[in-house]
Each structure stands twice: as structure tokens, then as C-alpha cells.
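Quick heads-up: structures coming right below.
Each of the next two complexes has chain A plus one more chain, namely chain B in the first and chain C in the second.
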Partner chain A sequence: MLHLNKGASAALIVGLLSSTAAFADQRVLNYYADYDAIPLAAMEALIADFEAANPDIDVVLQNFDHEGYKTAIRNFLTTDAPDLANWYAGNRMAPFVESGQFMDVSDVWADNGLNESLGSALASMTIDGKQWGIPYTYYQWGIYYNKDAYAAVGAEVPTTWDEFVANCEKFAAAGIDCLTTGTSALWPGAGIFDYLDLRTNGYEYHMDLTSGKIAWTDEGVRNTFAEWAKVQPYITANHAAIDWQDAAALLVQGKAANYVMGNFAVGVFKQGGMTNDNLGFMPFPTINPDVARAEEAPTDTIHIPSGATNVEDAKTFLAFIASADAQTKLNAAIGQLPINSGSTVAADDPFISAGFELLSTTPGGIAQFFDRDAPAEMAKIGMEGFQEFMVLPENLDAILERLEAARQRIYN
Partner chain B sequence: MFPRPIEKSSPAVRTLYKVALPVALLLWLFPLLGVALTSLRPASDLAMGNYFGIPSSIAFSNYADVFNNSPIGQYILNSFKVTIPTVIGTLVLSCMTGFALGIYRFRGNIIVFFLFVAGNFVPFQILMVPVRDLTYNLGLYNTTGGLALFHIAFQTGFCTLFMRNFIAALPRELIEAARVEGVAEWRIFWYIVLPLMRPAIAALSVLVFTFIWNDFFWATVLTTSASTQPVTAGLSSLNGQWIAAWHLVSAGSIVAALPPVLMFFLMQKHFIAGLTLGAVK
Partner chain C sequence: MATTETPNRSWWHRNQQTLTPLLFLAPGLLMFAVYVVWPIFSSFRLSLYDYDGLGRKVWLGLANYRELFADRAFKTSLKNNVIWLVLYMLAVPAGLAIAIFLNQTVRGIRIYKSLFFFPFVISQVVVGLMFAWFYAPNFGLLYKLIEMVTGKGIAVLADPHLATYGIIAAGLWPQIAYCMILDLTGLNNVAPDQIEAARLDGAKGLKMLWYVILPQLRPATFIAVVVTVIGALRSFDLVSIMTNGGPFGSTRVLSYYMYEQALSEYGYRMGYGAAIAVVLFGIMMIFISGFIWKMVRDERGAR
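Up next, the complex of A and B:
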């Protein structure tokens, strides 16, 4: 290490001397991540398996909270880089790839036949023809709804957007928020936008928009916002002030009927007392029947930072995480979907089976998520715009002009 | 004398005082009570939206979970490793700078003193990037020592202001009498001034201890790993990728708040003395 001072190296030597007695020649693999409680336990179980198979490697996992991690990663990648770090697929990893902070792991893909077994995620992990990390899980987005609330107002589960909007009037009459969300951390609002845009304009258009090829003042974007305006009055009024978990509580209490969310929310709904009997899941309803159905399924990934000190063992670990068995075990524990085509999913969980069915039959394409498909800066400005629109829809023109100005600045 | 004892005011004022005090107290303590209550709530209450109602059950297990799910013992140890050297370092330095600036009349005395004071008016957030780079280049990034060094440097300014004013208020005759007797300058510092500074040292050590223990900003900027992060920065790791475990964070905060609270009760007298020490001059 370049920057060790004398005191630190002395401490290190003492540390090494004292630890050799306990663990003969163990190599440490530092792993930084931002897991929730359940995935953390699942990953620790998986790490225990890995350590049992590789007794000479000691994986030290350090967990962060998500918002803190997003900031910390910029810091630790350039200073005290770990050997492994969690991040996300698609455009979200591009800044780190382009600035040379993630290591090329194409050899791990090639040596383990991952180009076939992880084929569904190959495109989202590839930049400049190389792969930059290993995907280990993904999960569907859609609408989670309270079946009791539907029963209380006598509404049918909709399949088209018009039916959905019509239901909203029934919910409003009963004092129930038709659609809830909590945008204090911004990203939940992007889920609604993504689906409205995918259903109105389709996958290709949405991808062109997030990659900066289409103007935000385009007619198609306006059509998307026109659909959004139809439900805007029925969205939880104080959504900008609450967190997504607070909005989840509204759905649990029956004060809200529908929630556009990712499958990780199921754990919170169930913790609040909902069961498979009163928690429902439906794909986002059809808006334009001529558009092929596309879905949103963010992929979570593990990378090797360029500053990693134990690259050899890090690659061994990535190969292990990519294997069908490891992905089956991990995803069964966390209630999400494995990437590896040789893995199996838990058939007794209705949400997992629904997600698997939904994603494996998607004709249109699978988007990552607005803040992963668009560059970080555009994503932030965009999500602020979505939040503002849901509070003050009359500002639409100003919002779109601001996003367009940002697009011209950011993508050039 | 100010403040006048409340018994001497009119009955109406006294009644108002008796009513307003509990109200103000409750208002003041409301967020803290919320944290305390949340720390005893089961996770299901939060998922159901029961934030301020009666907890459905008392979950002391949250406290056990904090110790099981996070290395909070290590975090607290790190906090001590940062706080104690900082308290000692700043006090040693500021006693000496305070003595020099308070006793000796040399050219530039006022300018040096103003430099110390002016440092206090720099909003420390603007130092974030240079300090991070400096610590990194010194090889002290992500070490408790680096964090403590920065705190010593930054707290010394405030402590010097405090100490210098305290020493300047001491009777000069004491020092002059000692000089007449031929006592060496360092012995004057050690045997005459330092014993008189005991109340200031006690008050400052309590103040600096609480400042540094509660520091969150520099802890997050200068440390990244569990082996070096103080408890204020480490606690947020109880939250995960999407799900915030506020019941655990609350329980952890209460545990983390215990050392400064304990310190306050042990040294309460000095703490209040410290807050008013410079004020009457």
C-alpha cells in the first residue's frame, strides 16, 4: 500500500502476526454492500457456504444503508477500495466503468459459460463489448393492491388504464387513495413514469428517451403525462413528504388501494399484517393496446473495484455467486428472481411466480429503472420533475422545458 | 441579581410559569420521546403505520437486535478512540496557546488571537474536499487517528478563545509576584496558572466530549469502514437498500447517546459553569 505510515504498518504487522495463529494463511476479501435485513442474512449464509468451500478465504462483508452507500461509493472506490462492491446494471454503472473504477470481469463470464447461463442480463452488463460485474438477482415491478379495499368499493381488478382510472373514482368516493406513493426519496415516482411511458409509447421509445435521443418536449412524452394527469388527483396528497415505507403503511391500513412498487415491498406489506389473501399483484394495465407489453425489472450486481487488492479471490467469489445453485438459494431466501437460467424459483410464493411468469413472457423488453437507464444527473433532475408534476400538474410545460434543457446539457 | 428567583414574582407570573414549564418541556422532549417509544416498537407497528400510538407490544428485542445485527460495540469503541484523544489533545494545546496569548504581550498577539477566533467562523463544510484530500495524502484516510487529528485542529480554535479569555481574567499580580521571586515561566504555567484553570478545563472537556461524540459530518467524510467509523456514522448501516429499520436505528441511537448523557450527569456542575464562564465577562 502506497499511503501506509509507519505506525499503521507496525500495527498491520502486529495484526498479521497475531492473526496467523488463529487462521493459517487466510486471505481476506473485503466486500461492501447495502443489503436490507433479509438479503443480508441470505448473503451471509451464502458467504458461509463459500468459505466452507474455500477455507483459505475470509469474506468480510460490511453493510451500508442505501442512501449513504450511493455517496460513500464515490469516496471509497478512489481511496480505500474493497475487493467487491454492490452496484446496479445498465447506465447506472457506466460512470464507474468509464472512469476506470470498475474492473473488467469478461474473463469470469467467459471461463464459467456465463454468456449463456446469465444471457438475459448480458446486454445490461456489457459496456464497450466487455462485462463489468455479475448480476445476482432481479425483481419485477407492478401494482400491488389491497384486495379488501377493492372489495369494499366493489371494484374489479383492471386490465386497462381506462378501467383503472374509472376505479379511482369509486375509491375517491369511499375516501381511499386510488394510487399511493411516497416520493421523499424521489425514486418511487420514477416507477410510475416508467410504466406510463412503457405502456403509452413502448420499450424502444422509452429507452431512446432515457438515453437522450428523444426530446422531453416530444409529443410522446406529453401523451405519457396526459395519462398521468388522469390519475394525478387520486394520488396520495402528501406523497412528497413521506417515504415509500410510510405509503406502504397506507396500503396496509386500507387507506390506499394501489401502489406501483418493486417486489421487495412485499416483505414490508406482510410485516404490516397483510397476507396472500388480501395482498394482490397485477401487471401495470394496458394503455395503448398497439404497444407490446414491456416490464421493469432492475438487476442488482456485484463488481470488483479497480483498486481491489485481492482480485484473484474476488473473481472466485463472483464465479460462485453466478452459479445456478448459489442464485437459487439466495433468491429463494430473499423472495426475488435469479438471473441464472439453470436456477429454480419458489413456486409456492404467488408474487415470485407472478413475477417469473410476467418477465419470462414479456414481448416488449425489460427496462432496468429510470435511475439506472438514464445517466445519474438526468435521473435526478427527471425524478424531481416527476415529483413536482404529481404535486402541481399545471407546471407541466415548465417541467418539460427544464428536463429538455438538462437533456441537451447532459448528453452532449 | 438576574435571573430573579421565581418565588419573588407576582402570583400570576408564577402560575403562568408553572403551566408553561411542563408544556415547553413536553414540546422540547417530544422528538426524543418519539425516538424512545420507537425503539420499543416491533417492526410490524411501523409497517402498519402505527408511529405515535400505543405499541402493540414492547419489543426490548430491538436492543438485542442492534447488538446482533451491527457491530455497535466496535462503533462505540471507535467513538471513544476519536473522542478521548481529541479531548486530551485540544485541552493540552489550548491551555498552552491560552497561556501564551493571555499572559505575554508581544507584537502580533492580537492578530494571532484573531486568527484562532476567525477559524471558528469558517463554516467547516467548505473544508470537506481539501480535508479529505489532505487526510488521504497523509495516509490517514479511514483511520480513527486521522479523524481525531482533524478534530483537534478544528476544536483548538474555539478552546483557545475560551482559555485565553479565562487566563486573561486571572489577577496578573499572581504572575508578577512569581516572576519577582524568580520562578521560571514554565513553572508559572505549571504550578500557578494550571491549577487555577481547573474549572475551565473541566467545563471544556465536557463540552468538547459532547461535540466530538455527536459529530456526524466528519465521521462520514473521513471514515468508511466498520473498523473505524464512530457510532454516529455507523448507526445508519442498520438501514438497508430499500427498507429503513427505524425501530433499530432508534434503539441504536439511544445506546449511542448514553455515554455523553452519562458524562453530562457526572459533570453537570462543570457543564453549566462552562456555558456561562465566558458570558459574564
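Up next, the complex of A and C:
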């Protein structure tokens, strides 16, 4: 028995040795990511295409849980860096860039003409005049609404904020929440603030605010909150205790009319039974007509950690992911928008086509989202302030003073 | 050789009484030093730095502590910890009441005892989820009940003035069960002859409870107080599951605020988090030294 086992394990070792020998000329590319099920399948299909085109490279994808990844990345970048890692654009990548954890990939941008083809994301990928990663997908934010609720109270889809607020009174009379949200995890409230600020003060002002150059007690910020105060009474009560999916259920059931959300929510609305016939999408209404329309489109990115061992192949992979075809294929599978201007989107999905149209014609600029544009600490304190304002609007002065104190501490 | 061996041996023999316990203690002490004592001092040191876990540590001196004592969120956390401490103590008398109620011999009493003990067996995470659903707006049982009675539901966890009490109520459920089981074991050991004697002297009801039963339950009550105080101070999981410290930070407690600052998605202020940990450690030390002091005194008194 013993001899047999020894013989078997010896055979196994020989087998293993020969199998590694067969792939000895393949270079391994380690890729750490945080995909959910559908994007994971799409990325695996794309990796298969890449490996077919580059038979000497073997991409090993290690997928993490989405939330756990945010903690894990801080450990693995310093201890056991992969060759490629997922992250986000804007200020969210700044800590890793400034601490030297991400590699400068400006050459990939220059060599592949990405400064033009990925132009809409260039600003959010640039720190200190260099690019630090490749964006592969983004999605629009806006207002998703229940067409049946609009029909029930005889409201028109608004294009200006005044019309929107006027509609709210009709909805309130019918017992429908005009605007719903679920701020238990804080971030959905930031979407409302971002859009109100972008529409009231414009992109430049909003970016200056999130990067700490404008005081939170500034007149412009107060104007934004004054617009917010107009709809505050019509926002779903108890939003502080519910998740964004619970609020989505209110929209599906017709108990709420409008929801400021990202396009990823469409899947949830449709799971709840909505179809293209009763789910609508509109750009956030105009508040100040003199302000150029700006939009919110959080961008997901891939980076090369400084500790990467196979940098050359990693750059080949980034160039592949940046290409128009790869972005078309990936985004068609995950129902989001490609960044490459040469890519195409599915014309039969009204939300995707609306988003593509919206973002590709944005004159003002594209914001990433409050918690990606502002540093993490400011984002947390800010989003708590937004939630508090929606519950207790009379606390506005105290909230703004607190945010201003935080700004002076965080950005100095 | 022989000359050197003999004194060695006699040295061992002479000190065997002291050395043996030390040798047995050594593995435990080593573990305790490496995994408990060293991290404590390491936190002390870290609380004097600005450190994001990636970059360089920057020496700040006591600046973290100065900021802490001006920090509104810290004050809220401290206040909530005090509320937790006070209300959590209700578990001790409530557990005792249930224990006395269940301390009788009727058919199937074991089943009733296990049912009352059940909340302590399930995980805090599950307790938190159950209560979060119980309070949930629109579909929660409590919300619906209040809506039926008053016409307007109250979403406990959405209200900054009620949320902490809602979480403490969830925490009390398993904590009462724990105190109950401690008192039940204590009640098993109450000397029947003393009860007999008291009864002959005409004691009954509250008098019997106060003068005869309770003094004999003192050890159990002491343990119940200790675990309840520590449970209240380290409350974290229920806050994390039920509200994430919200709405807008009104249900934060020190341990959760420490986690938020040091380790959560928007945190990574390791130094500041460590400063909160040091304050929490200080508060716990006050109670723990009190408990240890009492135990030592009792042991001396027993001798």
C-alpha cells in the first residue's frame, strides 16, 4: 500500500513537472479585481480574447468580494502586489498615486492615442500631469422615474427644477413620494447633492468645492442647499433607515415617483417588475440656465501597481482593454457605457443609449461622484451632513460650519 | 563533571516550588504579552502619529487627543457609551426576575428555560438583523403596530433621538438571557436548609428574596454585572449591523467610531483611531480595576 502511494505521488509529481514545463514559455500576468458575477463573466470572456491574441501571456484573475477588496488592496499593494489591479478614477486613486503604489502609465496613453479616444476620462485619470491607469467603463447618473406615477397624477416630465418642484405638490397630494432615496449607506444622498451643485453652480465650482478650494459656508453652497430645501419635504420619510434597494422598491411599487440614481439601478428596477414601458430616465433638470450642463459618471479603472513584476505584459493588457472593440464588448455584456469614443453601444437599450447620448454631449464636464471627487474623510463627513440636512433641514448652519471646519483640517 | 552537576541539581530542587508554576505559566504569559500587552502599547505609540497605513508616519504628539476632545462625533460616541452602560445594567435585574420566575419545578420547565436562553445562543449579527427588520419602515412589525395604533408609524432607526435606544433594546435581549442563566445556576446552589430556616422564622415573598436569596446570589450577580459592563463598553456588532453608526453618526459608540476612523472605507486615520482606542481602554481600565480590586478584597476576606 505504502509503495503504491509513493509510486502514485511520484507519478503525480512527474505529471505536474511536465505540465508546468509545457507552459514554461508562458508569462503569467496576475490580475486582482472586485467584479460582481455579471462583470466577472464579461471580463473573463475578454481575457480569453486577449490570451488568444497573445498566446505567450497567461492572465490569472484573482477575484475579490467587492467590499472586502477596498480593504484588501491596501494590504496587497504593499506586500504582494499583482501586475494589474482594479480601482477608481478621480481623487479616489490619489492616496495610492501619492504614496507611490500605482505606476505611471502615461506611455500607454501616448503610444495608443488614448488621449483622444479616452478623452472624456482624461481629466479624471490625470494627477500631476500623468495618467495612472486605464478606464474601462462608466455609467450615467440621472433621475429614474415611474411613468405610471406621472400618468396617475397627470404630471409632465420636467426639464427645469421649478417644474420638478411643482410636480412634487401633485405627487404629495396623491400620497406619492416625489423624490425617493435610501441613505442608510449614506452615498445615495451625495448623488442628489452633486447634481444640485452641478446645476446651481456648475462643474468648475463643484470640482473646486470637492478639492477643498471653496469654503462650505460660501454663498454658492448655500444656494445649492436652498434648492434642496424646496424638495426636502417631498423626500421619502425615514430614508435614513433604508437601503437604496428598499427605495428602489418604493419606485417600483409606484409609492415614489423619482429617484436620483446611477444606471446600475436599472437592473434592480427591472427585477422588481418594471419594463421599458413604465420606467423612465431623464437628465437632472436645469436649475440655473447659465450653467453649462455637467453630468456625473463614476469611472472604473485598471492600474499597474508599483510592485508589479510583469510590467511589460501588463501594459500590453491595458492597451488591449483601452481599445474600442474590447470596450464595446465588455460594456455590452455588463450594460454600461464604454469610454472609448470609437466604441458602440446597444441601440435597443433606451437607458444605455440615453446615457451615451447624455455623456458624449456633455458641455460642462464629467464628475466622478462625491466620494470619489472629495478625499475619503471629507466624503464621509459631507455625506453625513447631506443625510442630516434631509432629516433636519433646520440644522443647515451647524452642518455647513462643521463641514467647513473639516475642510480646513483635511485639505491643509 | 559530577561536581558541577550536584549544585545544579540542588539549585533546581531548592527552587522547584517557584519554578514549576512559572514554567507552566510561561506559554500563556508569552501569548498574552505578544497578542495583548504589546498591541496595547503599540496603540499608545500609534496614537501619537498621523498614519494612513500606506505612507510615512508623521509625529503629531498629542494633537490627535486635542482634536478628539473637540470632536463632536467623539462626544456623541462617549455619550452613547454612557447611555449603553446605564441601560444595559437593566439586564441584571431583568435576568434575575426571569431566573426566579423560571426556578420552579413544573412539567417541561427545561423547555421554557431553553427558550428563554435561546437569544443568547444566536449570533449578535442575527439579533441585529432581526431587530432591524422589526423596526424597519413600511414593513417592520413594530412600525406596523405603531401605525395601527396611532395612524403614523415610527421608524426607530431613522430617528436620531430614538435609534440608540432601539439598538440597546436589541442588545438587551440576549444580555438578559445571559444574566438569567448565570442567576439560574446561582439559584441551584442556594442552600435549602437556610430557606427552610427562614421559612420557619416567618420570612416570605420579598423579604425572603432580599435577606435570604439575594445574599447567596452575590457571586452570580457580580459576574452578571461584570459581563454586562464589558458588553456595554465593547458594543460594536449591533451598531454596525443595524445602523452603521447613522443616521448621521447619532448611534456611534467609541468602538465603532474607532473602527470607522482607522479601518473603514472612508477612514484609514490609524493614529486618530488609536487615540480613540486609548480612551476606550482607559474607560475600561477604570471598571476592570474596580472589579479586580473587589475580587482581591473578597479573596482576602475569605481567607
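Note that in this section the second predicted complex is superposed on the first by the 385 of 412 C-alpha atoms of A that agree within 3 Å, B and C clash if a C-alpha of one lies under 4 Å from a C-alpha of the other, contacts with A are read in each partner's own complex, and residues count from 1 in each chain.
Everything below uses one rule, namely that a residue touches a chain if its C-beta (ideal position, glycine included) is under 8 Å from a C-beta of that chain, and two chains touch if they have at least 3 such contacts.
Note that the structure is a prediction, hence the values are computed from the model and not measured.
**Q** Label the relationship between chain B and chain C on chain A in the superposed model as either fit or clash.
**A** On the superposed model, which is not a single observed complex, chain B and chain C clash.
**Q** One more residue to check, A:99. First (chain B), second (chain C), both or neither?
**A** A:99 contacts chain C only, not chain B.
**Q** In the superposed arrangement, does A:380 touch chain B (first), chain C (second), both or neither?
**A** Touch status of A:380: second partner only.
**Q** Looking at the overlay, what does A:148 touch: chain B (first), chain C (second), both, or neither?
**A** neither
**Q** After the superposition on A, what does A:35 contact: first (chain B), second (chain C), both or neither?
**A** first
**Q** Once the structures are superposed on A, label A:325 by its partner contacts, choosing first (chain B), second (chain C), both or neither.
**A** A:325 sits against neither chain B nor chain C.
**Q** On the A-aligned overlay, A:264 touches which partner chain: chain B = first, chain C = second, or both, or neither?
**A** It touches chain B, and chain C stays clear.
**Q** With both complexes overlaid on chain A, does A:245 touch chain B (first), chain C (second), both or neither?
**A** In the superposition, A:245 touches chain B alone.
**Q** Identify which of chain B and chain C touches the larger number of residues of chain A.
**A** B
**Q** Which of these chain B stretches, 6-14, 186-194 or 222-230, gets into chain C when the structures are overlaid?
**A** The segment of chain B occupying space taken by chain C is 6-14.
**Q** Hey, what residues of chain A end up touching chain B and chain C alike?
**A** Residues 67, 71, 246, 250, which sit in both footprints.
**Q** List the residues on chain C that touch chain A in their complex, please.
**A** 52-55, 67, 72, 135-138, 155-158, 160, 243-244, 246-249, 260, 263, 265-269
**Q** Under the stated contact criterion, what part of chain A meets chain B in this complex?
**A** It is residues 2-5, 7-8, 30, 34-37, 39-40, 62-69, 71-72, 75-76, 79-80, 243-246, 248-250, 252-253, 262, 264-265, 267-269, 271-273 of chain A that touch chain B.
**Q** Provide the residue numbers of chain B that touch chain A in the complex, in ascending order.
**A** Residues 43-44, 46-49, 69-70, 132, 136-143, 145, 220-221, 224-226, 236-245.
**Q** Across the complex, what residues on chain A touch chain C?
**A** 67, 70-71, 74, 77-78, 95-96, 98-99, 101, 183-186, 237-242, 246, 250, 371, 376-377, 379-380, 384-385, 387-388, 391-392, 402, 409
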